[in-house]
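Presented sequentially are two complexes of chain A, the first with chain B as partner and the second with chain C.
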Partner chain A sequence: MEAGSLQIVINSIAILAFLGVVFGSGLAVASRKLKVESDPRIDEVEALLPGANCGGCGYPGCRGLAEAIVSGAAPVTACPVTKDYSSIAEVMGVEATSAAERMIAKVRCAGGKKEAQQRFIYLGVEDCSAAQNLGGGAKACAYGCLGLGNCAKVCPFEAITMSDNGLPIVDEEKCTGCGLCVKACPRHLITLWPVDKSVTVLCMNQDKGVEVRKVCKVGCIGCRICEKQCPTQAITVENNLARIDPQLCTECGICVTKCPMKTIKGEKKQEREVV
Partner chain B sequence: MRLRTFKKGIHPPGNKERTASLPIEVLPLPQQVVLPLGQHLGAPSEPVVSVGAQVLTGQKIAEAKGMVSVPLHASISGRVVAIEPRPHACGQLTPAIVIENDGNERISSELVSNHNLDELSAEQIKDLIKQAGLVGMGGAAFPTHVKYSPPPGKQIEYVILNGAECEPYLTCDHRLMVERSSDLILGLLAFMKAAKAQKGFIGVEVNKPDAIANLKQAAAGLPIEVLPLQVKYPQGEEKMLIYAATGRVVPVGALPIETGVVVNNVATAAALGEYLRTGLPLVSRIITVTGQGIPNPKNVEVRLGTLIEDVINYCGGFKEPPGRIILGGPMTGPAQYRLDIPVMKGTSGILVQTRAEVEKPDHAPCIRCGRCVDVCPYNLLPNYLGDYAEHDKLGEAEKYGILDCRECGSCTYICPSRRPLIQLIKNAKSKIMASRKKG
Partner chain C sequence: MAEYLIIIFGSIFINNFIVSRFLGICPFLGVSKQVETATGMGLAVTFVMGLASGLTYWVQKLLILLNLEFLQTITFILVIAVLVQFVEMVMKKSSPVLYRALGIYLPLITTNCAVLGVTLININEGYTFLQSVLSGIGGALGFTLLIILFAGIRERMSLAPIPRSMQGFPIALITAGLISIAFLGFTGFNLNALFNF
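Now for the complex of A and B:
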């Protein structure tokens, strides 16, 4: 190799090394002087959150909620998914308040393909809201499940599957009660329900009983038998539709056996305990 | 000479042969008419009669409510038997006035006939347009008088009548232009006077040579030009027609008035002409009843509120169990699942397809061929719009101009993957509009 070309190599290395030292020390100074203090608890809280970024808490992802918890904007129990509130409370140095009751999604329609009438054959997009916009959907009942699975598509935990009968089935184990399906249902059929209360009215139809009978075999006809029979006054019939207050319900099961349309479903508490 | 037209668009089969040469028949008066209060875009009208009242043909039975609304008139004489929710073409029950025919066909004596156009001022004509209950009779049913009330500072230069009838199957406007050209021209002159416009155009696709010849003869010596247009869908769409007639482009998101043009359907003009001549407001319209499922297709003049069951029975009933019943043309008309819905002001036809014609579409994924982009007359990207709509990315869809889509259906027609683009786009649009309303 010629001496001249070797000199070029040495010069280049020297210049690069010099530049490296200059910028390196500049960055070192900058990182000390301009450092942004971030609370280490944010990382700790985030590690305790599920990390699914479902948005069920209303904050932008788990990191967003962690920041809100640390800044005090959200309570330590704000995450609807996790059950480990005491660890988060520990990080935050507060007393673990009694965790909210665990809620799961309940689809309040029992009228699938077998039970409910269809008005026409729907050939359009497999999307409940698109079907709803097309003359109100194929189902004759204006309140019932359209069965095209928007809730199943939106569930980040794969807790909802569509049955062969065209109704969503919620897996109680997988459901975290994040509430995304509640927002996704164009017919507002899904409600969050305490996991340990299983007796529910599986209907949202507010038409008169005669009209309901025309379109569905298992719709609530507003006959008030359940309201009269309930020993704890947990059931009220309003607008031709029975509603159960889960706080008052003792799951005695009388309404389940008395309901003439078999609209109210759920197991008795005792039977479940035996199982 | 090259025929005038617009850019892009599609060429679906016309299927107009069965009814194009059939003269208009008048349907015998039905036993009962159901007149929905919301037959037009905008606020539904308010009833001014009560149950049990005797009404005469042409009598006003509901008053316009607000600016964007029109009055409604009894289409037969008889007794009001109910004002209650009845099936509507939108798929829901909506409030309607039901009149039972007394068989006497007594016409309201309050109607003023033989208006002299020379003696009427522009304001008076505008008022008459509203009093006649006129709406766009091509299908959209937008109240006509609103179009002639331009915002201050805007001048209307041209009135264009849409006689393109680009929807396949339909021939009602064709027959109207052949048989009722004098009413049509009278209506157009009235529109021009109301708008203080210098010139009128009538755009007609060249597959209707008899209509073009007839109109040219009727318009001779008047400041009206009959424009033969290329046969292409959607030639009759407002913006396409303006471009074809004047070369002006309506800006994105703007109304045609921005270009100094008002567009009306030929049927609307003929209805105004008839009103000025006879005093009878909008109580009937011409519709085409056709399709493979109909044994005797016809162009019939029916009273508004006649149930489509009565009209179909008049045309020989169903040949076989129907596969799909469409109100209007096949490109934009909504499918119906019941026969007790009434013919309304915006109903241009009843199309019955057989079961063999209706197949379950196999919706495949987009193959990025770009044909929808080639045909979209609004220069949108339906492939992206469909994708964004399908995956609920409403913000992106809005950025890509989803709200400028007029739902002509060209993209869905051309798509080799048979993607239901228009349904996806419509759904996303309604979601965007709902979220805007919420705030």
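Now for the complex of A and C:
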């Protein structure tokens, strides 16, 4: 081998080694300086959270909540989804207080394709918001479910399916009460409701009874029969619409049987217990 | 002054990396689903490309000194890899949300051929130090502009009623092609006349 080419080989190795050492030591210094201190408990708590990043707790994703729990900004029961609070409490070394009452999503509309009138045939994008923006949607009732399934699409737990009647069905077992569907519904029809209270007014229409009857067979007409019949004063009628206070409701079922439009639905507690 | 403006303007609009040189297509298609992450990606690339252009200028000087110009490519890749590592550390420290949003695409800047491309083009064009840095930043701004424009279009397309066979990548590639044709309109601009008043 010639002396010149040997020199080139040596130079090449030297320069690459030199650059490697310079850059490597530079990175080593940088990694020391820019080290992110993280509490190992954050990873442990994050592993116990569902990992769906639904945002139901109000923090940006499960990692965000884990950081908040470890830093003490959020209680160990802050996650509305998981039921395993005791493990998180164990990681944090505190006692788990009793979890808040479990809430599930309740769709407050019973007027599907069979019951409610349509103003026109909607052939646009399969998206409730898009339909809502197109002249307020096809449904004659300005309050009712548009039935295009934004809530079903947004649910990270696949708890909502659309029925053949064009209404969302919430699977009580799968629903975690994260509240994403509540935000997704352009008509604000979905509310979080205690899971052990099944009696609800399945209507949000605030028009006068005459108007409601024109557009829907099962809409609340504000007749006040339920309000008068309720033994615990759990029902109030405001703006032509009955509302049930879940805290006062005893699920006696009188309103369900008395409602002339069959808008109030739910089972008696005793009946469910027998089943 | 005019020549610097010509370099910046030229590398953003005329010799745009994505639509005219076809470099850096991977992140262009991969991180362009949301405007927010696209902006983050663009800024990270801008930072890396600007620094890489400046640093490789001096590395090239060193290589010429030792008659080792043939090591250009491997040393430049080394420089870029180090810079990307550095950007990753800074981002992890300063903006964890952006760090998680960029995910795998941040280390992938290493293999973003636009970054290696700009450093090699700078050497071929015989740019000075300042010209190299400006060409790097200009090229990266062009990349950022394109990726944000594209992300904006894709955000809208995700709501549009696109035929099933065209959903996703097919329509994205067609869109990218149309943008490329639109940017062809910039070629033939007489930049000398524009900036020499």
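Here is the rule we go by: the second predicted complex is superposed on the first by the 238 of 275 C-alpha atoms of A that agree within 3 Å, B and C clash if a C-alpha of one lies under 4 Å from a C-alpha of the other, contacts with A are read in each partner's own complex, and residues count from 1 in each chain.
Note that in this section a residue touches a chain if its C-beta (ideal position, glycine included) is under 8 Å from a C-beta of that chain, and two chains touch if they have at least 3 such contacts.
Note that this is a predicted model, so its numbers are computed, not measured.
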Partner chain(s) touched by A:210 [first = chain B, second = chain C, both, neither]: neither
Chain A residues in contact: does chain B have more, or chain C? C
For A:124, select first, second, both or neither according to whether it touches chain B, chain C, the two together, or no partner. both
Just to be sure I read the superposition right, which of the two partners does A:133 touch: chain B = first, chain C = second, or both, or neither? first
In the overlaid three-chain picture, which partner chain does A:36 touch, first (chain B) or second (chain C), both, or neither? second
Under the contact rule defined above, give the chain A residues that sit at the interface with chain B and also at the interface with chain C. 124-125, 127, 130
As the complex stands, chain A meets chain B at residues 119-120, 123-127, 129-130, 133-136
Going by the contact rule at the top, pick out the chain C residues touching chain A in the complex. 59, 62-63, 66-68, 71, 74-75, 78-79, 82, 85-86, 89-90, 92-93, 96-97, 100, 159-161
Touching residues (chain side chain B, partner chain A) in the complex: 90-92, 334-335, 337-338, 358, 360-361, 363, 390, 420, 423-424, 426-427, 430-431
Contacts from chain A onto chain C in the complex sit at residues 8, 11-12, 15-16, 19-20, 23, 26-27, 30-31, 34, 36, 60, 63, 124-125, 127, 130
